[in-house]
Amino acid sequence: MKERLNEQTIALRAAREFTDGSVVNLGYGMPGLCANLITGDRAVFFQSENGMLGYGSLATDEEKDYELINASDQPVTPLPGMCFFDSAAAFDMIRGGHIDIVVLGAYQVSERGDLANWGRPGRPATGMGGGMDLAVGAKKIIVTMLHTTKDGGPRIVRDCTYPLTARQCVSLIITDLAVMAVTEDGLLLKEIAPGWTVPEVQALTEAKLTPAADLKEIEL
Amino acid sequence: MTIDKIFNSCDEAVADIFDGATVMVGGFGSYGGLPINLIVALSRQGAKDLTIIANMGGVGYELSHRIKPGGYQDSGILFENGQVRKFIGSVPALGGMPPTSPLERLFNEGKVEIEMVPQGTLAERLRCGAGGLGGFYTPVGVGTTVEAGKEKKVIDGREYILELPLTADFALIKAHQADTPGNLVYRQTARCFNPVMAMAAGVTIAEVDELVPTGQLDPEVIVTPHIYVNRIVEVPA
Amino acid sequence: MKERLNEQTIALRAAREFTDGSVVNLGYGMPGLCANLITGDRAVFFQSENGMLGYGSLATDEEKDYELINASDQPVTPLPGMCFFDSAAAFDMIRGGHIDIVVLGAYQVSERGDLANWGRPGRPATGMGGGMDLAVGAKKIIVTMLHTTKDGGPRIVRDCTYPLTARQCVSLIITDLAVMAVTEDGLLLKEIAPGWTVPEVQALTEAKLTPAADLKEIEL
Amino acid sequence: MTIDKIFNSCDEAVADIFDGATVMVGGFGSYGGLPINLIVALSRQGAKDLTIIANMGGVGYELSHRIKPGGYQDSGILFENGQVRKFIGSVPALGGMPPTSPLERLFNEGKVEIEMVPQGTLAERLRCGAGGLGGFYTPVGVGTTVEAGKEKKVIDGREYILELPLTADFALIKAHQADTPGNLVYRQTARCFNPVMAMAAGVTIAEVDELVPTGQLDPEVIVTPHIYVNRIVEVPA
């Protein structure tokens, strides 16, 4: 079976990277889904740059409180031990290296881990929000994105052509086709979607992919 | 005699905002923490040529329905009214199908200027303005369009850019409760940019869900001390 | 009757400068007494740089709580509407110009309003505490001090010889002999202790004093 | 599984403070907010060649009786023990009859180095270190001995000096209550330097009056979020 992973599955794969006790910030859009994928006895603390630490899953319609939202405008649920703070304090945490992992969306990622995730050609008025701060400040940056553009063009490129968020900041890229680590020697292809071959994925990738010795199917 | 900070209406509280004023608008972006009633009062008041400092430029009433059932007014109305000359903030428009905000449309028409500021840098520039500092060095924005025209410096082997303080003539903010002297507490994520803006503006105007007598707020819990608050309007939620 | 004012009286004179609604910080030592001198319906808000706004008078022995102290280590009493914050927030208030009046002690004040209030020759290890921040940040700086040194030497001088706290920051000097305003044209002698003459006070002052047209006895 | 931050004794909590470490000591100066039991444990532990960052250098046990009946130990004991190489802070000694602190005596004997920092600059340098900034421009200290060796810059017509961030290997702090994850609240003026130091150190060790279960602290009231706290020791007041 040769399919692309859906958003939920990409998010689930990203959530597997959250080590116990880690402090995680989820970027706008798809990454927000990760909050729903932490179950059981795992202790992951979600920080949101609008001033909240330790929230739970996304709220159901009955639970919605519009003064308890994540940075993507989605109402979330409270958890015991959570706390609130202002925007300046939120970014002290982020810029100061107190966030272990951030999951961000992207338009493009380069083979050196340069990230472009806020602006597109022809849209000069969209802004970077907290993305630049997160990309610079978090200890580990994971990008979740679709492997290609709507037109089938590459998003994982040699050099970003979209406005940069930060240089050389991405550690891991998780797409609907593959999981790739950014290394000193370029992109290491670690996992591949069921049914896809390395040449097929490489053909959809501008940057060179080096298959890992232990390359495997994406596991969830 | 205590100075009386209580105003009867948002209209009275924003009456003296003048043409050309710099106005901070609290909140984060969407509904939570947004001083909606003060924004609407300012749109009625009609001051022009404003500089708006806010995290987001507002999505406008139409798109707001996607965020909260029933929708709500945000800074979008000030742009739609042609009251704004310049926007300083981190999200003038969202990344969806354009235009995602009245600000984006007006910017594309050449009618509004935008100064794009990363969100954490925005928060820190406000705090810098509030605290009487001259500027700070941040690693955020190095190697991007944000560094254009700014001084760069290597400190302890890392590259930084110099960012300057932000202050304003007025701040419109939203809090949960105020006591009579003007101490404020917020509710959950409605805190966000409100406390730093309260500190950084010459005249801070707060709309609050509830006004309580002096002594009713726990002194350990007060987030914004009353010296940062000049006017209070109670607008029950 | 020709006497020097005592500390209590100097503090009382300083407290007369506190306008209704003003936010006031009281420096180490003598200025602390001012907190006890606000009575009746006057609304003065005392800020303390260890993180407190709106405290009351100095605590009696029965009232003492050693976790409710002013910046001079003196236990104070709580008042309704007070609040607490950390040191960084305390100095945002101070540096940011949100304090209307600060009353500080001094070793020396110059005729231009330069202030020296933290170090003495031969004592290199005493520190400035929050004095420099207060001298730079408060809207109005009032100095309360003894007019002369123990040896009778001048403290109000042409140029400070002690380490400076800040240049040209003092507005008003209140001593046991006189009240002097710092003006563009030097020190204006506004009030004088009962029984003292202008030449007598000038003889104990290195800086030139210009008697005000409406020079009067110190009033309390 | 949550990471367990609870230690049974101050001695265990400070056991790995190494020779040459930089250690922040919370509080303001005197009794309130001082992590007295952690300080005494560090004096027993005996680490040497320390750099101590604290607002005050401590007055020492003898003079402490003038501040609080019965007296108390403060950082003075670390200086008396010869454990400290350098002090960074705003009040190494008070202005009374010398020497007013063990630190002053040792400094006069040439045995300890002092970096004198205005108190507000100290607080801001800590916050700067906590928040990943490279430095900031302050007007405090211009025209005084504080500006020696520092870069000066005129911004918007006013003179400023560049101050750099402070961080540390460890912070010893005092809080009123901690919950199991390590969120902290303080009591009255015992807050002071504790929250900023908690943020600025690699390993933050808190002695608290009381440990409470998760969920027992109001989320609006928490001053220090748990991510800044590594170790907690309950020492009932």
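To keep things simple, chains are lettered A, B, C and D as they appear, and every chain counts its residues starting from 1.
Quick note on the criterion: a residue touches a chain if its C-beta (ideal position, glycine included) is under 8 Å from a C-beta of that chain, and two chains touch if they have at least 3 such contacts.
What you are looking at is a predicted structure, and each value in this text was computed from that prediction instead of being measured.
Centroids of subunit A and subunit B (each the mean of its C-alpha atoms) stand 28 Å apart. Per-chain Cα centroids separate subunit B from subunit D by 34 Å.
Note on chain placement: the centre of subunit B and the centre of subunit C lie 37 Å apart, centres being C-alpha means. Each of residues 84-85, 91, 95, 136-137 in subunit C touches at least two other chains. Residues of subunit B in contact with two or more other chains: 124, 127, 131-133, 138-139, 186-188, 219-220. Taken as a graph of touching chains, this assembly has some other topology, since it is neither a line, a ring, a star nor fully connected. In summary, the structure contains touching chain pairs A-B, A-D, B-C, B-D, C-D.
For subunit B in complex with subunit C, the touching residues are 1-3, 127, 129-133, 179-181, 183, 199, 214-215, 217, 219-220, 222, 225-228.
Partner subunit B is touched in their complex by these residues of subunit A: 28, 48-52, 65-71, 73, 84-88, 90-91, 94-95, 118, 120, 123-133, 136-137, 163-167. Residues of subunit D that touch subunit B in their complex: 124, 128, 131-139, 153, 155-156, 158, 160, 164, 185-188, 218-221. Put simply, subunit C touches subunit B in their complex at residues 20-21, 23, 41-43, 45, 47, 53-54, 78, 80-85, 91-93, 95-98, 136-137. Within the complex formed with subunit A, the subunit B residues making contact are 28-33, 55, 67-68, 89-95, 98-101, 103-104, 107-108, 114, 116, 118-124, 126-127, 138-146, 186-196, 223.
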